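Have a look at these structures, which come just after this line.
Okay, so chain A shows up in both of these, paired with chain B first and chain C after.
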Partner chain A sequence: MTAIGKVSLRDTVLQRGQSKERSRLLVFNHTVLLFLTAFAVIPLLVLAFNSVKTNLEIGQNPLGPPINIVAENFPNAWERGNFATTMGNSVIYVVATIAAELVLGGLAAYALARKKPPGSDLLMLYFLVASTIPLWMYIVPLFVQINTLKRVGVDARFLLVLVYVAGSAPLTIFLLRSYMLDLPTELEDAARVDGANEFQVLTRIVLPLTKPGFLTVGLVVGLGVWNEFLLALTFIHDPNQFPVTTSFYKFVDRFDRDWALTSAGAIIIIFPVMVLFLALQRQFIEGLAEGGIKT
Partner chain B sequence: MSIHSKAVPYLFLLPAVLLLLIFNLYPTVATLNQSLHAQSFISNKLIYVGLENFERILNDPIFWKSVQVTLVFSILVNPIQIVLALLLALLANQRVRGIALFRSIYLLPVAVSINVTTVVWGLMLDSDSGLINGILATLSLPKQPFLTAPSHALWSIILLATWKGVPLWALFFLAGLQGIPESVIEAAKIDGANRRQIFRLITLPLLRGVLLFVLVADTVANFLLIAPVYSLTQGGPQLSTNLIMFETYRRGFVYNDLSTSAAMLWVMLIFVLLVVLFQAFVLRRRG
Partner chain C sequence: MAVYVQTKPTTIAEKLADETWRRKFLRNVLIPWIFICPLLIIHLYVVAIPAVQGVYMSLTDWTGVGMNVNFVGLDNYYELFFEDETFGKALGNNIIWMAFFLTVPFIMALFCAAMLAQVKRGGMLYRSILFIPYVLASVVTTTIWKNLLNPQRGIGAAVDNLLGLEDVFGVAFLGRPDSALMSIAFIDNWHFWGFLMILFLASMQSIPPVLYDAAKIDGANRWDEFRHVTLPGIRPTLLFMYMMVAIWSFLAFDYIFLLTQGGPGGASEVIATQLYKNAFFRFQAGYGAAQGVVISIFAGFIIMIFVTLRRRGWDI
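This part shows the complex of A and B:
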């Protein structure tokens, strides 16, 4: 009886304290949420506003909402940025890189997570180091290398994709390996007993179960390629093969920047990614959660 | 059969290893080789100079200034980003009405490329017509030279990096938070733990893996940041934003001294590795 009384007394005290704490916390939370949301969204809002103003209006009213909406900025930016070409190119680079990355990374990660052949630890160490090496570190020798290969007749676009795949491979293999380590091995063993070979185990069992992981890696890698600029400009010299990021610089000349078209162009570049990102958001977060971080 | 199955893992690893060998390991080693050579003015050939390039850097006050700027930048930007990202993730992980919309909104900067980010923030931070100075003016505060004063420029780069970085790292934290089973939190509540205790004793320890990953990845990413410096400040004013990464770019591509640039990159890489290993060591020991 006394024990029960004690507990209930403690509970009421706790609850009273908690509810006060709770309402204070709620105000705090909402203030912080509001502030962070504003911080995230205001620059993009300014961009969206400017994308439908004339340059004259941007000069007089660089940040506020537009007075007259000038929708022509978008077709003009599309035309001058040559987006019809660059967007197609970027889609090709993104899709090719993701596909190659997932196949290559998936195979390697599976070997490292499940087979652990002699030398695995050394390889993992190399991947860890490689993922911290900046591109600047080796862009010059890479440039020489790529030029040699181009002279032999290898397609520049193919080489660009290979460089992208190699660049993100260490981190991809790391992430995919940790997803696979989380999987119980029983299913795979059962499949093997039923006569499946290693490739079938990977494609029929492991792959479907680690789909969120592959999705995450695909999205991160794809985002990186879509926004990549430096490598593309270093290795691609034919304007018909330029990626979408190069269009963004079509609105600047030596002395001036066309702000209206720059803003419209930026929106054109961001828009497809944002739609895709928002559509995949839920799965993306789940993918990250299941990966965990195992080293 | 046994020979076959022994070869399989290597076969699976082959494409990735081959690609990394050609497009990552080889050029990296080539850079090391370059750092031990100097370009001859006459024949355009490389002459072996041993560690001379490294010696020259270590005696160069501009290099040391950029080391100092990079250190100050790292010490400020990494904790700011990680604390804000964790806070954002904790808030976004609550079951409050409208939280899904909020998540979608704060995620938007993740999708924006660094080039676009730089242009937008250049507009926001402009000394005369920028948004932030506009807000300061309405509050009757003095205008600030965000990108043109040595005391302000580095903070502006930090602001920009934070805008783009925080949502990305918050995403990883959020994923980690969602991996924590509800039952553990409930059990702690029944035992009378308050929110602060739950965070310190349960949430934080269970986020250690994610925290390590974010800490390392964020540190590395900020070491490599170059685009905003390139387009907004060019390392100035008075070298106040001359991060090491930008200094190596300048040496290599503006002054065409690739050997010194390569040597500088090696010094930086070793430094980054030491920092990353130190972080890993400290976090491992704590747990």
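This part shows the complex of A and C:
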């Protein structure tokens, strides 16, 4: 985890002066970068184009910009894709997972960073080893376990959140712990001298000072859950509980030829992510670079 | 000077009777463990216990339903490696997948990061745009590219049209056995490589500029700089990602399942898609569990290689 440093724009390699020869060569750099940018963007542009065309127009012009812009694909997709329900479900999965992860992970990381109770080295080793266990090793028995619980009436959505929380637990603990270890202990000691108990030290002193760590974990975990497909496919079978991903999968299957509809549906799914990404670019990129060593 | 002697409690009964000891125990042992327990219990329940059960399950012929479980020893493993030809094919595809992902995205990411590290103005914009595909859901990415690779209405058809050809590029890349796997890898890579690039860029930006100045004084050209300053500078990141990508190659599932379900005729089947079908569609839970254990052994093997190299003094 330490192998990956933080991204700092100010420390760019080109802090040193650029000679004339250098700036001429940068033309080459920009050419390459523009080419790769086009590679990343054009598929998304085509998706956006198709989401505002009629199917008739897509038939004649499947790749180019739209000639007539129509908006009705979006309400149609929203309606037929049952997005009102599934977007709500996905929000629930994301919010519940982030909340549980940050609260439980924060508590555990604090205990491991500061109190180091007997057995904590062993526990860190456990999480280190566990983080290398592939999902495929335990998905079949987990499926059986979860089905047993579902049969006795436990909500499948609750169980899926548990699976998500467990899946990112090692990452959360490592990241939050390392953020907390960077804090000077004097502040906490001062609070204790003033009579604060452990819980107060955590919420009043440690938490505010490690906010960036919590934001990072929240973003990484939240994005992961919003986009997650395999576990939702495996554990959620009631269409009313589908997150957007698995419901969109069935939706695309059903309206295979209706590109206008499926493109609009795809835009609906990525819209919240894009808004959040554009608003918090830096935190997203740095967070995923730092902690995205998963999935 | 007053001498204050505190007798330390020795037996458990004495300890429990001692007020300061109790407070210390509470503060340094009990409360920390109460903080740790919820996440640990969830993790044990979701990961550790099923992982152990998975090993046991792989030694049985359980179908996944009912109570009829017979212990069959290593039969499942024997079948996997010596009888099931489709598994051999899937394993081969995983290795092709790994070969692809250990080269193409690394070359793209290294090249792009090296270009981007030198750009001052607009660097942030490039960085953000190139990263966008990585934040998209697999269901969305696969839908986009399924359309773009459509033989009649996709990019290939457009190229054919432009060049006045017929059915040369406009072919069903995902539907043909010889191109399905590579097409999926291409699509997954479209989504993935930007992430790798960002990691390399971050690593390159932490190389002290002095090293580049020194190289320049020694008369290094841009290639020399890349070869002798940049590459060694990002080596820890590079090797770490080499290990991670090698492991991930054995876990690949989403893109293959979403695009071809392993088809046509098993041409793009990998171990994970096969496992999924065995365990959840074909009532072969024991056999699927064995495949899960095999994937884990491969992952463990890759980790072992890197740990060994590190022990030998490689800076990983």
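Here, the second predicted complex is superposed on the first by the 246 of 295 C-alpha atoms of A that agree within 3 Å, B and C clash if a C-alpha of one lies under 4 Å from a C-alpha of the other, contacts with A are read in each partner's own complex, and residues count from 1 in each chain.
The rule is simple: a contact is a pair of C-beta atoms (placed from the backbone, for glycine too) under 8 Å apart; a residue touches a chain by one contact, two chains touch by 3 or more.
What you are looking at is a predicted structure, and each value in this text was computed from that prediction instead of being measured.
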Taking the superposition as given, does A:110 touch the first partner, chain B, the second, chain C, both, or neither?
both
Contacts for A:102 in the overlay, against chain B (first) and chain C (second): which applies, first, second, both or neither?
neither
Does chain B (first) or chain C (second) touch A:234, or do both, or does neither?
second
Identify the partner contact of A:273: answer first if only chain B is touched, second if only chain C is, both if each is, neither if none is.
both
Across the two complexes, what residues of chain A are contacted by chain B and by chain C?
14, 18, 25, 29, 32-33, 36-37, 39-41, 43-44, 46-47, 50, 62-63, 104-105, 107-108, 110-112, 115-117, 123, 126, 130, 132-142, 145, 162-163, 165-167, 169-170, 173, 198, 223, 226-227, 229, 245, 248, 259, 262, 266, 269-270, 273-274, 277-278, 281, 284-286, 288-289, 292-293
Residues of chain A that touch chain B when the two form their complex:
10, 14, 17-18, 21, 25, 29, 32-33, 36-37, 39-44, 46-47, 50, 62-63, 103-105, 107-108, 110-112, 115-117, 123, 126, 129-142, 145, 162-163, 165-167, 169-170, 173, 198, 223, 226-227, 229, 245, 248, 259, 262, 266, 269-270, 273-274, 277-278, 281, 284-294
Could you list, by residue number, the parts of chain C that touch chain A in their complex?
27-29, 31-33, 35-36, 38-40, 42-43, 45-51, 53-54, 57, 64, 108, 111-112, 115-120, 122-124, 126-140, 143-145, 147-148, 150, 153-155, 157-158, 190, 194-195, 198-199, 201-207, 209, 212-213, 222, 236-237, 240, 244, 247, 250-251, 253-254, 257-258, 271-272, 275, 279-280, 285, 288-289, 291-293, 295-296, 299-300, 303, 316
Where on chain A is chain C touching in the complex?
3-9, 11-16, 18, 22, 25-26, 28-30, 32-33, 36-37, 39-41, 43-44, 46-47, 50, 58-59, 62-63, 104-105, 107-108, 110-112, 115-120, 123, 126-127, 130, 132-145, 162-163, 165-167, 169-170, 172-173, 198, 223, 226-227, 229-230, 234, 244-246, 248-249, 252, 259, 262-263, 266, 269-270, 273-274, 277-278, 281, 284-286, 288-289, 292-293
Under the definition above, what is the set of chain B residues touching chain A in their complex?
5-6, 8-10, 12-13, 15-17, 19-20, 22-28, 30-31, 34, 84, 87-88, 91, 94, 96, 102-117, 119-121, 123-124, 126, 129-131, 134, 163, 167, 171-172, 174-176, 178-179, 192, 194-195, 209-210, 212-213, 220, 223-224, 226, 245, 248-249, 252, 258, 262, 265-266, 269, 272-273, 276
